[in-house]
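You will see two complexes here that share chain A, one where it goes with chain B and one where it goes with chain C.
So, the complex of A and B:
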């Protein structure tokens, strides 16, 4: 198994510390290697908490999370950075504004890596960005370009898992379609597995092999696209699919 | 370049406003410069007093006096001191090096102590160390500087005899070689610089802390950790420069204080700087010297703002001035 999550529970305390909010309640699922996982759910359903836990940006209260059969907290820092990489929702905040894009990208590679430029060029080609951008600063790119650069930066580590927290959320339709194409290319490449959050169920259907639907910290449905489309017994899943159908109409 | 020329031109009315206000306040204040020379002397007649007023041009209406002052100011002439008839400009400029030395030393040490404290507190947010340092800094901030100066003078100067308590030079300064002279000046600077650093630590370190906390929340910091960089690399390479940017304004705005001097410190430590000169000038209603110092401070405040803007451009490639 690539990712194995068992009985994962995460609670947040309010600022006063008196009220506890359950972000994830006894969540369990597994995903095999070379499968793309799409996570869907409304705001506050626990999607971001889940991917932040998978990226070790957040601790959890109970349960276990394993990647390639190993507890995520047993990975060394460098080893984990080669295993999991994450891209964020806001492409404007993903790059240090004071550093050139070239510097930010090269930082992802080891210090003594000899063919840095070649590796960077390969990844830039994968995300469809010209190579003459290395001396530019992040503010000189559009949101869509920055998101593509963020993907290139993450892929430079050749991670087993690329986690994307709502990568389409703040992008225009054209940029969304470019990012979707990039994800499909990464999927075909079969080197990196993708876990991504989206509100857009049609993107999830387009890219994912499996879909995890969350609501109020619980798993509503987890399965392949066919499982989700054919099982119309769950009201919430029906609502999501119908809402998407109406939008497409 | 055009932006800075525009900024300099737009600063002129502000500068005139400040000089007008200072001039008005000085003249509204009870007591005249000639009072010191005449009131204590029973032999001075009313006519002699009038003649003295006329001599200094104080008999003319205020707007004429201000216009005359402005005319001289254009040629960088602040007038003649009422106290000893020396040019006010010379009096100010001969005190300037001592004030610059004291305040630059104070700012330098404040920065090298406060910024690391602020950054350390941010990195160790909500720990015992963070909370402990916060309490200590607020205590430092709350202590009246004059009281702390007096306590330090008593403890380190009088009781322990470690450092001199006043002035900038020892009485035998001229007989010393260059190294001893440097050591002598340094020893005299210890107390005023220490007091200045202690009372200003809190402000700068809190700015550094809150700035760092803000930066540490950013996605590019999480990305930097995800790249496998160590905490040290993330803090120094990614967070520090972004944290220091807002502090440029604070440091830029402290430039006038560097030159304008501190009335309290310099008076308590009998330090031969602009601050003490200003205090003495205010007490003796020496209008030309007071106006000279006020104008110099105003020019430097405006200049400090412009320098801060310029520094922003250097520190942040996103900033473009039009």
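So, the complex of A and C:
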């Protein structure tokens, strides 16, 4: 199993500690290697919390999270950085505005790595960005370009899992389709497994093998695309699919 | 550095500071009279070709005393602000970045230090220690950092929620490198503004201490000391207060210019717009 999550629970507390909000309630699922996992849910459904836990940016209260059969907190810092990488929703904030893009990209590589430039060029070609950008600063790029650069940076680590938190959310339609293509290319490469969040079920259908639908911190449905399309017993899933159908029309 | 030298305000600021440092260094060569050379026949003379900045109540040449005094004033400004920057920035970054208990402990300690009226705390410590200029610098540095620590903590709190910090963490970069490469350049502008103001503040605090007899000891001089001693004669001898005042003003201004320029250098966006 690539990722195995068992009885995961996470509560957020207000500062006084009086009110707790359950972000994830007893969530369990597993995903095998070479499968793309799409996580769908409305705002506040716990999908961002789930991926932040997977990427160790957030702690959890109880349960267990394993990657490749190993508890995520048993990984060393460097080892974990080669296991999980994450792309964020807001590409404008994912690069340090004071550093050149070249520097930000090379940070993903080891200090003594000899063919840094070659490796960077490889990944830039994968995301379709010209090479003469290394001396530029992040503000000189559009949102879509920055998101592609962020993907290139994450891939430089050659991670087992690439997590994308709403990678399309703040982008225009053209950039969205470019990034979808990049994900499909990464999927074909078979080196990196993808976990991505979206609130748009059609893009989830396009890329993923398995889909996890969350609502209010609970799993509503987990299964392959066919499972989800064919099983019409759940109202929420029906609603999602119908809404998407209406939009397409 | 190259970028810094292209900025004309920075060059102006750096030249002023360089000039002051040179003057302080070569004080015995430049000053026409000795630091404590008295001439009671020439008391409170207005500025003239013989005494550029006039003379004080003991007939000492104000110009010479100011040149010697620049040694003290600059040293106080630099050393105490260096201490303030070091303590304030490190505690602010650690507190803001790690949060939780570390944050609580550091911030409560900061609050405690902040509770003491700084000037009286300095007075108290200096009264216990020997009143010399070296102690003054260190004590000013050790008591004036809480404001900066809080400022930096607030900046870091908002900064650490930015995604590029999360990315840096995920890249497995050490905390120290995150502080140096990702946090420090992004808080440089408030830091520089604070530092350039703090230098002026330190020079003035030293002058107040000297006025109370706890700073530089006569016959040594500092700008602040000349300034405060001049206030008794402000109606009959304006030059005693005006010239050291202008010197402090120019120094603080020069540091402000450099601070502003450093901020620009660290802000690629600004440069892009100007092009």
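Things to note:
The rule is simple: the second predicted complex is superposed on the first by the 249 of 249 C-alpha atoms of A that agree within 3 Å, B and C clash if a C-alpha of one lies under 4 Å from a C-alpha of the other, contacts with A are read in each partner's own complex, and residues count from 1 in each chain.
Throughout what follows, a residue touches a chain if its C-beta (ideal position, glycine included) is under 8 Å from a C-beta of that chain, and two chains touch if they have at least 3 such contacts.
This structure is a prediction, so every number in the text was calculated from the model and none was measured.
After superposition on chain A, the partners chain B and chain C are seen to clash. Legend: residue contacts after superposition of the two complexes on their common chain; A:96 is shown touching both chain B and chain C.
When the shared chain is aligned, no partner comes close enough to touch A:7: not chain B, not chain C.
Within the superposed three-chain model, A:230 lies out of touch with both chain B and chain C [touch as defined at top].
In the superposition on the C-alpha atoms of chain A, the part of chain A touched by chain B in one complex and by chain C in the other spans residues 55, 57, 77-78, 80-82, 84-86, 88, 90, 93-99, 104, 107-108, 137, 139, 150, 153, 157. Against chain A, in their complex, chain B makes its touches with residues 218-220, 222-224, 226-230, 238, 241-242, 315-318.
For chain C in complex with chain A, the touching residues are 162-164, 166-173, 181-182, 185-186, 266-269, 272.
Touching chain B in their complex are the following residues of chain A: 55, 57, 77-78, 80-82, 84-86, 88, 90, 93-99, 104, 107-108, 137, 139, 150, 153-154, 157.
Those residues of chain A lying in contact with chain C across their complex are 55-57, 77-78, 80-82, 84-86, 88, 90, 93-99, 104, 107-108, 137, 139-140, 150, 153, 157.
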